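In the two complexes below, chain A is the common chain; its partner is chain B in one and chain C in the other.
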Partner chain A sequence: MWGFFFIGPGLVLILLFVLWPAAQTLALSFLNKDGFAGLRNFANLFGDKAIWDPARFLRREPPWGALLHNLVWVCLHLPITVALGLFLAVLFAKAPNWVSIFRSALFLGIVTPMIVGGVVIRYLFEGHSGIIPQILGALGVGKPWSSGWMAYPETALLGLIVGSTWLWTGFSMVLHSAGLSSIDPELFEAAQIDGASEWAQFKYITVPLLRPVTIVVAVLTLFWELKIFDIVYVATMGGPGRASTVLALEMYFAGFRALDPYKASAIATLITAVSVPLGYWFAARRVRR
Partner chain B sequence: MKRHTLATVVAVLVGVAWVIPFLGVVMTAFRPSHDVLYGWWRPPFRFTAKNIAGAWHHSTASLAWGLKNSAQVAVLATIIPTFLASLMAYGLVRVRFPGRASLLMAIGLLLAIPQQMVAWPLFRLMHSLGLLNSLFGLALVHSAWALPWMVFFLRGYIETLPVELEEAAFIDGANRPQTFFLIVLPLMLPALASVVVLQFTWAWNDFFLALILIYEPKKMVITQQIPLLRGQYHVDWGLLSAGAFLATLPPLLIFAFFQRYFVRGLVGGAVK
Partner chain C sequence: MRSLKLGIGFVVLGLGVLAAEPLVVIGPWSGAEADPFVAVLEAFQKETGIAVEYRVMRAEDIATVFPAQFAAGLTPGDLVFTAWGWWVKEFAEHMVDVSEEIANIPFTSEPIVVEGRAVGIPYVTWVKPGFWYRKSFFAAHGLTPPTSWEEFLALLEKLETIPGVEKAAASGDGVGWPLSDMTEHFIITFGGLDMHLGLINGTIKWQSPEVRAVFENYLIPFLTHASEPIEWTAALDMWWDGKYGIYFMGNWLTGMVKDPTDLGVFTLPGCKAVVGGTDYMFIPKYSKRAEDARKLLAFLVSKEGVALRVSKGGKLSMRADVGPENYPPAEAALAKAVGALTIAPDMDDTIGGDWQRAFWDQLKLLWVKPAALDDVLRILDELHPAAKG
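And then the complex of A and B:
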């Protein structure tokens, strides 16, 4: 009887503002203005060059379409942030305590609003006033690398991915650090007595024992990459010529600029269709525990 | 000892490298525009508050309004779900009722749904509820979206509390809500601190929900105003950097003062 007292109010909010609209979006993705459309909205997405343009991808001429941009994002950003975060967690654990001041710098990416992160990234790669093109220019690297990255289709997406790596690595580091501090230090001491090298300890103790944490970081990172929006919106608006557009941005354009709820819903459903199975597996692990 | 020296040097360098992009924005926010035209790292280093003032009094996107609106939304969007999630988490851990396990599973699954999945119907719903372009409406939506992760986090914490205290309260004749408010809620304070710190930061930092639900310039939250400061024909980096600086200051201060709770929430919500 008290169950409803405790669960009810929150459940109403979730039903009203999460589940009900999500169900509507799911339904809309199978409809068009003439009624039931089956999978046509999804088929249309793969015929839409702004979403899916594998031919250009094979020729390595951007834009490749939002879906491929997201996939490229995942393929570069996921392994780099997860591995770099693990490496930095180990590194900072080996450094003396006063270095934790410098460790705080990595928190900036977690604390800063993503929209500000996008501004910072754009500034980082700006032509005359951005530090990265200026450094590359001084090293003798040619255009477009030594000019404004966000102004050229060849470099815009890569610049955003590099920038998002800078923003997100701190998250990976924090979680790995927490995992690291829960490993029994006697394990490392015993390994040292047995003459195990630094690398052997990392490979045979740190990595395997942190595996559960690494998996969690990887899943949460993937969620983040699939719905990436703010930094693209403010840094490039998907440009130039859609060379850095992503699914969430195309969903916004379709829904709130072109006022096509069916296409917008299909894109949203596509993103969700990738995240929810992963989320199910993730939640099941935690509920079982 | 030698390897520690190497680790220290690399760690310091990484920390410095990580700050540089932010340093550029801070420098640009507080230096005259013509001094940073060819790089914020070049002298002369002269100070100006003109950019901050310009962003503060901006004619169409005054950050004075934005900061006030963001604060309103973030405070409401923290208080409401923290209270409701405490109730939910307690109910899910201690009160037996049919379908409890599958309800927990369903809430866990909600963590995977991206906000894009609700954008269009939510816009229509808020319109019909008269909550479009309302800061309270935005805070309600934030609250609903915060509940799943809060419930998961608080559930883990409540499970570690000794049930004997509650049983003693029952024996003394307290009912469920009395036990919750008088015994359990005070014990949850450390966990609630983490939840509050994280949720305030996330609600403050949100851009997408505000973008689709708030359209009147005077009601916009600060993250919405940042893209508007960019300028029509060329990017006004001084103004934009000043806006970015002001928008980051509140979450940064919260993090600086409550780092322990912030990290505990982040780690507890994700790793446990």
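And then the complex of A and C:
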């Protein structure tokens, strides 16, 4: 009874500001200006090449549609940031104290507001002042790699993913560092006495014991990737020619440019429909273990 | 008794704080572009004693922030400026009718009137007259403005032989409007004003042979001499420094360069009309300072207010009774140059909505991938409000 008393205010707030708007959004996604639309809004989404264009994906000609862009983002960004964060956490754990300055520098990415991050990415890959195209140009790499990445359909999405890797790796690194500090050092000492190599220690002690942390990092990263908006909005506006658009951006355009709340709600529901099963799958794996 | 006095004291203090709250004006201009407007606000403040605070918000941000604020009966600003007339019409019910403040004003740009209520009032005007160049740069290299398409192409080629010049023309970017400005100039020049208007109201298709021909025969050949899209203020600096020879931009550019007297401008040869437009101001009906906002609006559209604003450069008058005699030299020359031309409506600002964003985005693609022309034209047709019904 007392438990309900204490969690009551929180529950009311969640009900009012999370569940009620979410239910409203879900309801709107089944309506249109004429009334009940059934699944028509969703059917329209999958007929909309801005959302889903697998034929161009197979031909590797961007744009592929926002949903596929989000999935590409997940396929590239998720393994890179999780693995890189783990690798750096292990590296810094064994490094002398002064190296922690680099750890702080890496963590800067995650404390930087994503809007600012988007601006930084835009200029990082800008043709005249961006360091990445300049380096590639000096190495003799041709266009569009040595030009403004955000200006070309072949490079815009990749540039955003690479840039956001810098912004997000610090998060993975810090959580893995915290997990590492909770592993009993005696396990490593015992392994060393038994003659285990560094690689064997990493493979048989570090990775298995960090698995719960890794899964949390992966789930949170996954959700971040599926709802990504700010970086794309600032750096490319989803262009050129929708080559870097993502679901959340299409939702914004539908809601605030086309002034179509039904389509925007359908996209929001689609994002949830993609996120929840994937998140549940990750979380269930963690519970089973 | 003592607590009553204390209470009254707090109320008086509270009212004092409220009175000190400035009138909030929201507009799209920042930096050097905002300075002339801020000077006008200061003049109003001096004349009326009403404190005014200017805040920057682009049309895109206004379109994002205001609908939710309106739904809650709130507003972030008391007098707001946006170039998106379509947006003002869409949300007219949330705006104050200012018919009285604008009665008998000889506007050259029409106010937005919805159901008999004047809600969006034009505030000075701008034109997108053509390609700007530095007179000193052209003189130093023996260049002259072209008088035919062939001369224009020859000029582009000659510019690219000059040491230090990367490309003949700079292409401004941002959200994409500088590219659409340039495209509209090509359409008006080589397709005519009727094509421009037909594309706006949807009676002419983007994929029609005559529109495609404008792109294929004129815009795309030009693109081989144009830079890839660069953030427009950065492009302005690079053009001024000689990295590019010419730069297409609206007349607000005159207020953003170090020496406006060094500016020259030419339209594409044969051009009979240029795009012009205005920024609309509106007073949200949720403003707690609506009366003061009305006073400011009345000041801004008054003969004195307009004369003061246009005297500072970067804008032209929207009142028939405030003429070129009030302009600084650069605007006076511009007004003379475009005086014989028809002023056409800005295509993307007129159509608005999702089409506007798509237009900007598809042109960014076209600029780096001219081979995508057919896809670009198809998408512009598909997303046009006329096609959606």
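Please note the rule applied: the second predicted complex is superposed on the first by the 262 of 289 C-alpha atoms of A that agree within 3 Å, B and C clash if a C-alpha of one lies under 4 Å from a C-alpha of the other, contacts with A are read in each partner's own complex, and residues count from 1 in each chain.
Assume a contact is a pair of C-beta atoms (placed from the backbone, for glycine too) under 8 Å apart; a residue touches a chain by one contact, two chains touch by 3 or more.
Nothing here was measured: the structure is a model prediction, and the numbers come from that model.
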Check your understanding: Following superposition onto chain A, is the placement of chain B relative to chain C best described as a clash or a fit?
Key -> clash
Point to revise | More chain A residues in contact [chain B versus chain C] | key: B
Review point. In the superposed arrangement, does A:256 touch chain B (first), chain C (second), both or neither?
Key: both
Exercise for review: Check the residue A:269 against both partner chains and state whether it touches chain B (first), chain C (second), both, or neither.
Suggested key: first
Exercise for review: Could you tell me if A:242 is touching chain B, chain C, both of them or neither one (first, second, both, neither)?
Suggested key: second
Check your understanding: Touching A:198, do we find chain B (first), chain C (second), both, or neither?
Key -> first
Review point. Which partner does A:283 contact after superposing on A: first (chain B), second (chain C), both, neither?
Key: first
Review point. Between chain B (first) and chain C (second), which does A:43 come into contact with in this model arrangement: first, second, both, or neither?
Key: neither
Review point. Counting only touches as set out at the top, which of chain B and chain C does A:128 meet: first, second, both, neither?
Key: both
Review point. Can you list the residues of chain A that meet both chain B and chain C?
Key: 126, 128, 252, 256
Check your understanding: Which residues of chain C touch chain A in their complex?
Key -> 63-64, 67, 90, 173, 175-176, 228-231, 234, 238, 353-354, 356-357, 360-362, 364-369, 372, 375-376
**Study point:** chain A partner contacts - residues on chain B that touch it in the complex
**Key:** 3-4, 7-8, 10-12, 14-16, 18-22, 24-25, 28, 36-41, 81, 84-85, 87-88, 90-92, 95-97, 100-101, 103-105, 107-123, 125, 140-141, 143-145, 147-148, 151-152, 175-177, 180, 201, 204-205, 207-208, 211-212, 223, 226-227, 230, 235, 237, 240-241, 243-244, 247-248, 251-252, 255, 259, 262-263, 266-267, 270-272
Check your understanding: chain C touches which residues of chain A in the complex?
Key -> 126-128, 144, 147-148, 151-153, 237-243, 252-254, 256-259
Point to revise | Of all residues in chain A, those that touch chain B in their complex | key: 2-3, 5-7, 9-11, 13-14, 16-22, 24-26, 28, 88, 91-92, 94-96, 99, 101-116, 119-124, 126, 128-129, 131, 134, 163, 166, 170-171, 174-175, 178-179, 198, 212-213, 216-217, 220, 223, 226-227, 229-230, 233-234, 247-248, 251-252, 255-256, 261, 264-265, 267-269, 271-272, 275-276, 278-280, 282-284, 286-287, 289
